[in-house]
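A short worksheet on the structure shown next.
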Amino acid sequence: MATELTVLPTQILQPFKGVKKVTPEEYFTSGHRTCQGCESALVMKLMAKAAGPRTVILGSTGCMYVANTTYYSTSWVVPWMHTQLGASGSAAMGTAAGLKALMRKGRIKQEPINVIAFCGDGGGADMGLSSISAALTYPEYNFLILMYDNESYANTDIQLSGMTPYGANTTFSPPGKARRLLHRRWKKNVAGMLAAGHPECRYVATVDASYALEMMNRVRKALSIGGPTFIHSLDPCPKGWDYDPFNSHDLGELAVETGIWPLFEVEDGILKFYGKSKGIAQGRKRKPVREYLLRQGRFAHFLDEDIDYFQKKIDLMWDRWLIPGVCAFDMAEDLKKALDKSEAELATTEETE
Amino acid sequence: MTGSVEVVYRGIFQKHLGQRITRGIVLAAWKEGKVGISFGRYGDSPERNGIPAKSFAVVADTEEELQAFLARYEPNNNDVTVAVDDTLCKGVESWAWYGLQPINKLTRPGGTVLVTSIQTPEELLKDCHRKGAEWNLGIVKGTASFSGLWVVKEDHTDVRVMGAIAKVAPHVVKIESVETAIRNEWKDELKVASARKSYDRVTTRKVGADEGNSEKPYEFQLLKWWEMKEGLVIPAIPVKQEVPGWDGGYRPGRNPTFKKFSTRTMRPVVNFDTCTKCTLCWLQCPDSCFDITPTGHYDANMEACCGCGVCEAVCPVEDCITMVNEQAFDGNSSQFEAYEKDKETYLTSWLPEKIKDKVITHRSHGFQYRGKYEEELAEAAADGGGDD
Amino acid sequence: MSVATVAAPPVQTGPAADKEMLISGCAAIAQALRLASIDVVTAYPIRPYDTVMQAVAKLISNGELDAEYIVAASEHDQFEIVKHASAVGARTFCGSSGVGWMYAMEALAVTPALRLPLLALVGNRALDDPGAFGCEHNDALCVRDLGWMLTWVDTAQEAMDTALIAYRVAEDPRIFLPCAIGADGAFLTHSEALVKVPSQEKVDEFLPKYDRGDKQLHPDNPITIAPQVNEDWVMEIRKQNDGAMRRAHGVIQQAYQDFHRIFGRQGGNPFVEEYMTEDADVILFGQVTLSLPVKVGVRKLREQGHKVGFVRLKWLRPFPTQEVQEALKRAKAVGVVDRDYSFGSPNHGAVLYNEARSALYDLPQRPHVISFICGLGGREVTLDSVTEMSEILLKTATTGRMDQPNYWIGVRG
């Protein structure tokens, strides 16, 4: 009975048509106790700028809570509220549901209000995955969940999470005399798995703040399309990755150019790659991962065999997965043939009709 | 007898350095039969790149004397304050409501501030705030040593500072104990020699009660419980600040209780003439530190800039943005204002003087690629020993 | 006997009369939620509280209640969702039992500090392992230090009335603290009794709208809620919470007075129910549905000539120290009946025992206080148990001595 669902009007937040058209107002401003060169802080700034003033933001525990509001101060211009680690999905739902009920009952003005709940990779990919998943099944609430991924539990001084790359040095995976690599897990594809698994979710995207315009426009799209949405950003982290902060921007670009971080979006059931990832998907050569890895102290202990393994996994992803960054498997040959055959038959049928 | 040493350092970049120094002091004092503890300041945690942090070594002859220092966050009457980046002498702001704390604030009267620096004492005293009591300024000659969390640059700064501490505060540790501790801890005779060399060469100078920077550093009064809004609510920052004399342009509202400029070791110097207004510096700055002037230029606001250098990295025009060490500047005045006031002087003498100087534009701000630290150390050795 | 709704005779003037319904404690609370026009409710299945969520779902699907009904993926999610809905100004309801309540613990800990007036039903249930659905109070008791108001209800009528009172008190801007209503699993949550359900007009007169004022999260109100703090700020924040809880006592009294005026019920002492205590030599002291067998036992013992009384504690937080002192001070011996445990606590007693004994300590003349641990995991508190406890108390009253400070009543062996 689809008629029962009342979906509030969403707004149309037009994409910025070029850097010179980006609005000046800052809704997340200076004075946060983040590291020099913190790309997660940049993500916050761009996200808030794209969303604009009719926004409430829920921030779960992590760097973007502790550093941004240390101690009893704030850098937020728009209303912001803390939520618990792992509770971003719940915070988004609760806020959106509360606003919806109050608007319906006439207690507050009926208008599109952006609800954005953010989480780090620790709070999103590990602890909060289930609450995000639940949130993405609720088509009647409008909100964006943004996971900023600096590839560690950064706020607690760098521990590995489910999103830490293979072999990286963290305080839970220090390279030692007896064991060089304590962390042999491969990074999960959160955006991919969420896109593949939640048919009611109309928009999922990966972004990178080094491509600021594209990132902001994706935030705008997510806030306009209606229903629950999810964005996953990769944020170079000078502290956890161990590099001179002025390289933050370059490393963000390298992550994409090496193919390690595919930029894609799934919008109303259609997947597209964008930015440099589009070219890579079409066959353009990727930069070697060595270029990216050896500019970060967290991989300084890597031997050639480790770098080769890393390269191999990235190659596998682009050459063998059904959809790089999204579906970590391929189809059996006979299934492929059967699908090709049935597609061909369909095409013939259509031709003859 | 008790003694305490605080090491003021750039968070993360000098975390290992700070720890090594304070641990080393305690280990050395132990050799003399003293007791002691080494600890980082809890409020600094989690440390952030560049944000000033502290670690401490406290030593005493007896356990009872040591108790006065235990279960406390920081000793406030230090025999020695070490600043391992001389730009910290301008004052440190470690978290919101902290205000700007002079580098010598917690040094006891008559104590010593030891700074790793290539500047002269007179130059440093332009930065150090007046203390209102006599103190000493000691210099361990050399540039600031920056590493990161995982890879450490082994340039002997740690042991050189330890050697210097033994010279200026022998009641805390003697140089012989320092040498023994280094030998035990690192099993490296070169390090032992560096410590002794530093001990021999460190210079100190008395500083009068009224000598130094006369500016009053900003501070805040913490609110009483009934002045605080209930429900953990604090007001947000206004979206915009009015700038007197500006018609148009945009200066964002900024957090008044944490300015962040004392995080800088270097600041961007901007050539407003060659700037193409591509917006990238402003857009990619994680700290929103660029004001948009009424002329459409981007002026890095020095009250907000924390010196990360991303603007220099993204700027497409050569020499338009250049990072320059803080020692070349006084105060936080606007570069754009100076440029508007006198373009000639700004462009033909002030700017080139800053950005052409090899010393003050030298950047060694952490890990750049595997092998770079070793290259830098080799270069320094080839230059005839930068470590003295 | 089918569920009967008896229509009250028409009233010429004044607000509409009460409707009588045969409903369980959970369903009674659902009626209160309907009358309170709640905005957001989150559900997650765990026995025995979740019948309230089933009742709420029916109300919504039948159009009797207009609220957002979210089935959460866990109790932690449940309580986080309503916490945030409350922050934007929505009236919310949630609940759990036993280990479900434990799963939500992090959200429960922060809700009072955020000064969010949530109403929660705790269908008291023994904590797993060992898994049992029967009633035990340790689940709700876990939040007693954190700033939650805690009240226990004895009958379905009291459940409904207290839910309305709880919204009024919790949402008072002087308070803004969450309130948990403890209801014994099975005995209260599932048994159906006759409940007078009031009219909407009466409720509207009693319960104002929830208004967060300048703490409301909305784009028109630029605030940051709950920034990170350090040791420079925490004590002041806790002191503010302390102030709110101190004020709660007076606000509760006002609310009960008003309730009595409008609805004609709940006219007694808001904090304690005294049963045959005026001349009692010994008094049993406890909370919730064990009051029922205890009252039966008290009457029986009285018939035999023993002067036994019973005091039922209604609000554990804020603890009504003065009211408890007044109610118990004249007894020679007080037996505190705990349907909970606190292993290793003073005298190996339990929670209520330690609280009551502490409350009585300042009296110039103190009764003996004996701890009875009884009814854990839903074990019935029988007439025999009541007699056993009373005899121990009477012996102490006569001899002036306690043989031991703590007894486990009704345990085999």
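Points worth noting:
The first chain written gets the first letter, and so on, giving A, B and C; residue counts start at 1 in each chain.
Quick note on the criterion: contacts are C-beta pairs under 8 Å (C-beta built on N, C-alpha and C of every residue); 3 or more make two chains touch, one makes a residue touch a chain.
Just so we're clear, the structure is a prediction, and the values are computed from it rather than from any experiment.
In terms of C-beta pairs in contact, A-B outnumbers the other of A-B and A-C. The innermost chain, defined by the distance from its C-alpha mean to the mean of all protein C-alpha atoms, is A. Distance between chain B and chain C, defined via averaged C-alpha coordinates, is recorded as 56 Å.
Centroids built from CA atoms put chain B at 34 Å from chain A. Rounded to whole angstrom, the centroid-to-centroid distance between chain A and chain C, based on C-alpha atoms, equals 44 Å. Shared interface positions of chain B, defined as residues touching 2 or more other chains, are 43, 95, 97, 234, 236, 238. Contacts with at least two other chains are made by residues 222-227, 230, 232-233 of chain C. Of all residues in chain A, those touching 2 or more other chains are 53, 66, 70-74, 76-80, listed in ascending order. The residues of chain C lying in touch with chain B in their complex are 113-115, 176, 214-215, 222-227, 230-233, 235-237, 239-240, 244. Chain A makes touch with chain B in their complex at residues 19-20, 22, 24-39, 41-42, 45, 53, 63, 66-67, 70-80, 154-158, 169, 209-210, 212-213, 238-240, 242-250, 294-298, 300. By the touch criterion stated above, chain C contacts chain A in their complex at residues 37, 39-40, 42, 66-68, 70, 72-74, 76-78, 80-90, 92, 106-107, 110, 209, 217-219, 221-230, 232-233.
Taken in their complex, chain B has these residues touching chain A: 11-12, 43, 45-51, 95-97, 148-151, 234, 236-240, 250, 252-260, 263, 277-280, 283-289, 292, 301, 304, 306-310, 312-314, 323, 363, 365-370. Looking at the complex, you find that chain A touches chain C at residues 53-56, 58, 65-66, 69-74, 76-84, 86-87, 89-91, 93-95, 97-102, 104-105, 107-108, 113, 130-131, 133-134, 138.
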